[in-house]
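Consider the two complexes below, in which chain A is the common component and chain B and chain C are the respective partners.
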Partner chain A sequence: MSDTMTPQRYGSNAGQPLTRRDGLAKVTGTATFAADNTPEGLLYAVYVPAAIARGRVVHLNVEAATAVAGVTHVMTPQNRPPLQGDPEAKPNGFSFIVDVLQNDGVRYAGQPIALVVGETLEAATEGARLLAPRYEVADSETTLAGQGGEAVEPGAFGRPGGAEHGDVPAGHAAAVSAIDVVYETPAQYHNAMETHAVVAAWDGDRLHLDLPSQALSLSCASYAYFFGIPADNVTIRCPYIGGGFGSKAFPTGPQVLAILAARTAGRPVKLMLTRAQMFGPVGHRGATRQRLRLGIDGGAALTVLDHEGTAATSRFDDFIEPAANASQGLYAAEALRSAHRAVRLDVGTPGPMRAPGEASGSAALECAMDEMALLAGLDPLKFRLRNYAEVEPGTGKPYSSKALRACYAEGAKRFGWADRPMEPGRMRDARGLLTGWGMGTALFGCPMFEAEATATLRADGSALVETSAIDMGQGAWTALAQIAADSLGLPMDRVEFRAGHSSLPNAGIAGGSGHTATAGGALHAAGRDAIRKLGEIAAADPDSPLHGSGNADFTARDGRLYVAGDDSRSEDFAAILSRAGAVDLTGAGSASRPAADAEAHAMNSHGAVFAEVKVDPDLCQVRVTRLVGAFAAGRIINPRLTESQLMGGMIWGISFALHEEAKHDPRSGRIMNADLAGYHVPVNADVRGLEVLTIHEDDPYVNALGIKGVGEIGVTGTVGAIANAIWHATGKRARRFPIRIEDLLD
Partner chain B sequence: MKRFDFVQPASVAEALQVWHPGAVWLGGGTNLLDLMKGGVMLPDTVIDINRLADLRGITTLDDGSLRIGALVSNAELADDTGFAHDFPMVAEALLSGASGQLRNAATVAGNLMQRTRCAYFQDTTAACNRREPGTGCDARGGVDSHTAVLGFGDACITTHPSDFCVPLAALDAVVEVQGPDGAREVALRDFHLLPGETPERETALQPGEIIVALRLPADAKGFAAHARYLKVRDRTSYAFATTSAAAALRVEGGVIAEARLSLGAIAAKPWRVTEAEALLVGHAPDAAPFDQAAARALDGAVPSNDNGWKIALARRTAIRALELAAAGTPERMPALPASPFADQNGDHAHV
Partner chain C sequence: MSLSISLTLNGVVRDIVLDDPRVTLLDLLRERLALPGTKKGCDRGQCGACTVLLNGKRMNACLTLAATLDGATVTTIEGLADGDALHPVQTAFLENDGFQCGYCTPGQIMSAVGLIAEGRAGDDPERIREGMSGNICRCAAYHGITRAVQEATRRMAAAERGDAA
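Take a look at the complex of A and B:
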């Protein structure tokens, strides 16, 4: 791979603010989500969640459950048929240990302890109720509560490493001014609009699943593992996902149990989690306690940025929220340390949740930076600019691109940041509400995974493109179709786009904000391959105007093939293919990031978020009234969808700052607010004055298309900006999220 | 879910006749159906009263009082222009509750009958004297969830979640009831019961009785020019109150002739202390001792859980509601009714 790739100049489809291809189907209710499927002979499964966090089940009233008319089967640890794959092991490195009735033990509240299957959902639900479990209860711990935890041995997925650059003790010693603060973030649960679901149907040793999955190929392999069949025997149909946020990338216990029930019954089985059941066996963002020690020299330059994150994980598996890593790669500290510790609790295993690590780490870091700026006597933005990293801190690597300065400048201008008084509590609106302004820097990596795609030119000059890409609602299929159409030089309506099925070429994982870059890269390569092959046919065809163009390059535009740089020589796709025997012509492509490119540069999306909050001076109710985010994220394929993704991330930031928190009963360990009445997320009235700016950025290194990804970065920066604005309004520094009325009352 | 019989009587008399222990009345169903799905309520018979035309309609009676049928929806009542004009703080309270969809379905009688939102009541695996007498109260020492600072006892520490009932209590609303033994009336202030030793008894309704209407007395209209409801919460909309207050003043010749103050979300019933109201009488509205009145209203408040902060917040909520009432009822319903952010421009109405 060359040192720099010349980004493809697109002009026809990419860059256009197209609406979602699936939008109409979704708003009219015709989009078929997994649980909308009702195959003939369907049975319904309902699982019973454990009501304690630790102990064992000593009795289930199976007789009562079985006696309910319509209940066909009650699965418990006593009669659960064997699985071929050990649930205490993992199908692959990118998965978690699942609870599938392997014994009578309970290791977190919400763990499945029985599965009831019935002819109707109502019968299965009543059977599940009547099981009335009795427990032998052991003492449990479900909150971090000041525990020190154990150092994390880095390595496998879920066990983040740390980093240390420069002389950290010297950095502390050199500081003329320093802070040592602890920030806490709570357990948060994904709560996608669509809860986890599966409709499983067996045909001999072949398994068909309707199942929302962010990683189709990997999911096939994982489910195959549990049932001892080849991965090729599993197909997953996944045309729509009602939100994933990281929780739908892995097999979960309830889904495995439903598939097992289908095999046992010899009939298709449907299972859809209730909202309450989302709080336990399908992952969450683990609680963190983060200690940040920052020091500056006389010129307000950071001598040290020392970030230690302690995060909760389960007793039996690892996902330690990599919060401290948010402090890597952002500010130019002389010495830099990030480290992680884990506390084992009687909770379900956490997992990746939108901006895992970056969200919680950025929340703490951006507040700590504000606290440091105050001591430095500098405006928070000036302090960040004073510590702007021109190269990646610690490694000294150049950035593949970094338009963060422009993000700061444009965002600040749009927001009106220059008018901000330094002192807190100085601004009141006409009604006397305290008004505060805060900001935060946004940072997110831009990983690429591996993907494959095919592009087939049909005899009529139209095309079919295929990849197993999935759309979680973010509009991936629209953006990807735009890339595919451009790679073929066709308008959108001449391209049939097929995705969302595991039988298609593997599009990899929709995660890490890398799906558009990765699957898009594969589609781009496939389209280019098809055009190259078409060029070979035309060049060899004496009847084509392109005949004899030899090894010249070809370009495709609006269904015609041109000799590069010579518009006088061109021909329609259909004409070329027609003379070649009217055959379909298929190109194949794949995408991944060359190791050398990844090694040579630091690659990130960047942004700056500015927040205004109003706080009632007596009642301390808080409202975010303006939120301006400026982001530089490489090439923007679809501005409308990008804006929507970034807004969604920023709204998530409001949610993190002010709303979300799972509350465990201190005795039972159960989450007591496991519904959307108790577990708050913002409603429309909480979201106003939201504005997104995208800053132009050419990146010749990240990938051929120059795409960085926008799915998660909006969360980062925003949480800190809001918390800092609350401080600026009230003079009160809350160091625990979410920030609530009682935290601000005198 | 548990199977149940579903009956749709054609008259109140028939409804009363089919009732038996284990049967429930179904109005809007916005609370009952959730509780049935969660296994919190397991009726053997659901009596759908939605066909009872006698329970509908908003009418002004000869004595000037207003009679509101039990099945009038929250939205229908709040959107009735005459009602909002005469009883603005009641309309404001209604519009600050739930969402547009829920307000369309929920009924005024159902609002009185709604159960507590305490997480331990709704979790069938927790101990709850209100749900299952004698099992205990896991809310004590548990995660704070809609807990009281007044009027609670060892057996139960929860609150009543209604917004609507708070101004109703302030305005001396009356509940019209029919039962096997005939019709009777209960003052709204006496309708909800403090838990005492029998938290499972939540209202003054006797078994088999049904609410047929609410009545607001004619003199309650006298407060229309100075009446506000204020609701404090961690989310701008679609959340139960953390604290709330309904405040109403009748001003004559520049002084407060009569005052009403009722507090929500701090006890198992709307909390009204007439002695606190009396402290305001005779003062100019802009110089009234709101602080003393609020303090008096919260006399005896103590934490029931990790919720001591609620006492100060409730006091401040009461003061602010009185200040807002003194400033005068706004000409138009604020876009965000009852919100401390009610006056911000650009909000969509009644979110």
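Take a look at the complex of A and C:
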């Protein structure tokens, strides 16, 4: 906990900076991730990834692979057992087309083209190597450069719409000063530390999976689709996920193949992707090219904000990075347009990756805002304040809450922004390094999904709360238990919290920064329902001090039930339940956002990020030396974990700005840097001064608990802040990410 | 073909018959000895998730062939705590939120124990960051990791001074 965060006490538990409830398991190595399971009779599966981006597999040396001692099965398109669900269709709207050996075609490098199963990992690996595929190679296209693309038909998941408000041509015409700039962002790969994995075991037509999933209920239905069994026949155990970032919300081809192999073999099968295999069939952030045209009037007010994003997707499925949508809710422009185009490439289908749309879009938008501020002759922060949106641009909807002004003010103060010289290249540190300061606005939506939960008061006055929530590092085991305990008026140690298993009430999707609000909302409702039922029992019980309190409300504190507003009338949970026959009392709850609430207000988390970089004047090496982020994200359930989430997001911003880029070899279409040596992500030495401030917000509209979300917003704003700081240090404006030394050399 | 080795694993001498000479220490621990606390992140020595102590020094278990370990001493995350008493590095990671998803955490902790034993970083944050940079954390809990290593270093040094006094 940095001393900049003031814990806010809301109830007895929520608002407290508790350490992680799963922390002990995680520091002792006893937290069990999917591939840590090794059931009796286990077989190991290894798949062969395509080494070309487009063409056909014409030969596999199946004989050589089969001959390896310990190899039990070799699965190719020629002998792959049938699947009941068509892989060229989708199990549901929230999934992607998978490659499961449906034919001998190759449509991206890294696509599975064969699977080898063996008694040991070593045997299966050797068998896979000996398959030595030969290909008929077709020409492939793997880069966005120079391609205009096609218009996007909006609607389904993965096909973003746009927006147009006001008279855009008139906005362009009215500008006294304007910019027309193009920014490029590369393909990025999630690369959670835990690669995708599965341990699959069949029991008749029932399927048990140890599998990391950000959406347990949906995953059960999706896997059931492929195997022609009812969704209820699939159980997924997932107490922990070793990082998801959006990549573990959908079924993937390799996991389906491993499950199929388990059914064929009649034995459990483990498959764990290699690091290199993470670059292909499990999604990525698609490359974008974004054109931004901004214009201002004589008073530096935006007459137009016109953002067009062109994004790469695969030949066979759609996930078009919704980058231009980042411009929809942020600045007050007279006329506003955001639109998307798609370019089809011979790459695996992209997918949502931490702050999908906003990360790439905010990177470009925040740079463009600085370019416009320069022409306006205004300090970048003053220019943003000049164009501050008091209501949602275009729609005119009020914000449910928006403490962005306070984020700007507090962040700027903490950073020391007031001392920033307007001109670039004016600051050097004691060692002669060019020093630059930049800033960016952070914004992310706060969606809610649908979730259910139960809360059971036990005869001894303790409670069991249940929902299929998942923890991928955001802290669900802790934050959700805090919410549940408060809803029941119990201390944390009297609440048993069960999560991470698909047989529990559906906690919805851990994504969109909405899991705490959604699953937390359901837990809150379940707890309240249990307390309401307990009140009914007490009110009807002549022996209870609460007898006859009829229509009165009840409140619960520290294991006692009170008549609301009358502290003289109370009784222990256990005493009430004891007279009622020592029964368990279960409350049920659900959460989602009513459509009317969603219509009435614009809902976002907001923030402001300030960055300092130092640049070697000769070598042009860049280091981020200081980041200060101030965020307003509704009610904060656990300040300690929130700070970690926001810092993690900001470091993803460093990564986006300076490190991450998947590079394709244009001849083979293969990714040349498909490992953690060549695909750079920040290491500890890349992260120095990092500070997070949270700005208090009471939001009565987002949901009953006033929770927004903190998982993704940290990425937004940060990328632009760093790029703008590099400009301020060097006077050079790089318009592609990541920004490299060669972009800054003269 | 089988190979016999004897090694001291988390304080216990283990005689192990290897079924395959290609087995790495990482796969030996995870797939054959029911010690999955050590994690596989890249299998190429690029991420540090599999860091263990080999003869007291931090080592990537994925780059170490099990067959070479006859007579060696290996400590994994499962052998770090003293019964229910956590190692000071484990405690410091917990208290400083030095992890999020927890997957790289065993490797981070073993690496930190190794770094502190090397005595090269002290409690200087910049040196700790450099010394811990062989361990990637994609959740990017680096701020907490650095603080945890600083704090554990100080506590361990204080305890040592206390013992000597």
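What we mean here is this: the second predicted complex is superposed on the first by the 736 of 746 C-alpha atoms of A that agree within 3 Å, B and C clash if a C-alpha of one lies under 4 Å from a C-alpha of the other, contacts with A are read in each partner's own complex, and residues count from 1 in each chain.
Here is the rule we go by: a residue touches a chain if its C-beta (ideal position, glycine included) is under 8 Å from a C-beta of that chain, and two chains touch if they have at least 3 such contacts.
What you see is a predicted model; the values in this text were computed from it and never measured.
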item	value
Touched partner set for A:H680, first chain B, second chain C, both or neither	first
Which superposed partner A:S568 touches (first chain B, second chain C, both, neither)	neither
Chain B versus chain C as contact partner of A:N551, first or second or both or neither	neither
Partner contacting more residues of chain A (chain B vs chain C)	C
Which superposed partner A:I241 touches (first chain B, second chain C, both, neither)	second
Partner chain in contact with A:E122 - chain B first, chain C second, else both or neither	both
Common interface positions of chain A, toward chain B and toward chain C	122, 126, 677, 682-685, 688
Chain B to chain A touching residues, read off their complex	1-3, 39, 117, 119-120, 123, 125-126, 138, 141-143, 145, 232-240, 242, 309-310, 312-313, 316-317, 319-320, 336, 340-341, 343-344, 346-348, 351
In the complex, chain A residues that touch chain B	51, 122, 125-126, 129, 431, 433, 614, 616, 618-621, 623, 625, 658-659, 663-668, 670, 672-673, 677-678, 680, 682-686, 688, 738, 740-742, 745-746
Chain C contact footprint on chain A (complex, rising order)	1, 19-20, 22-33, 35-38, 44, 120-123, 126, 191-195, 240-245, 272, 274-275, 471-475, 640-641, 643-645, 647-648, 651-652, 655, 675-677, 681-685, 687-688, 690
Contact set on chain C toward chain A in their complex	19-20, 22-23, 27, 30-31, 34-44, 46-47, 49, 76-78, 80-81, 86, 90-91, 93-95, 97, 99-106, 109, 126, 128-130, 132-146
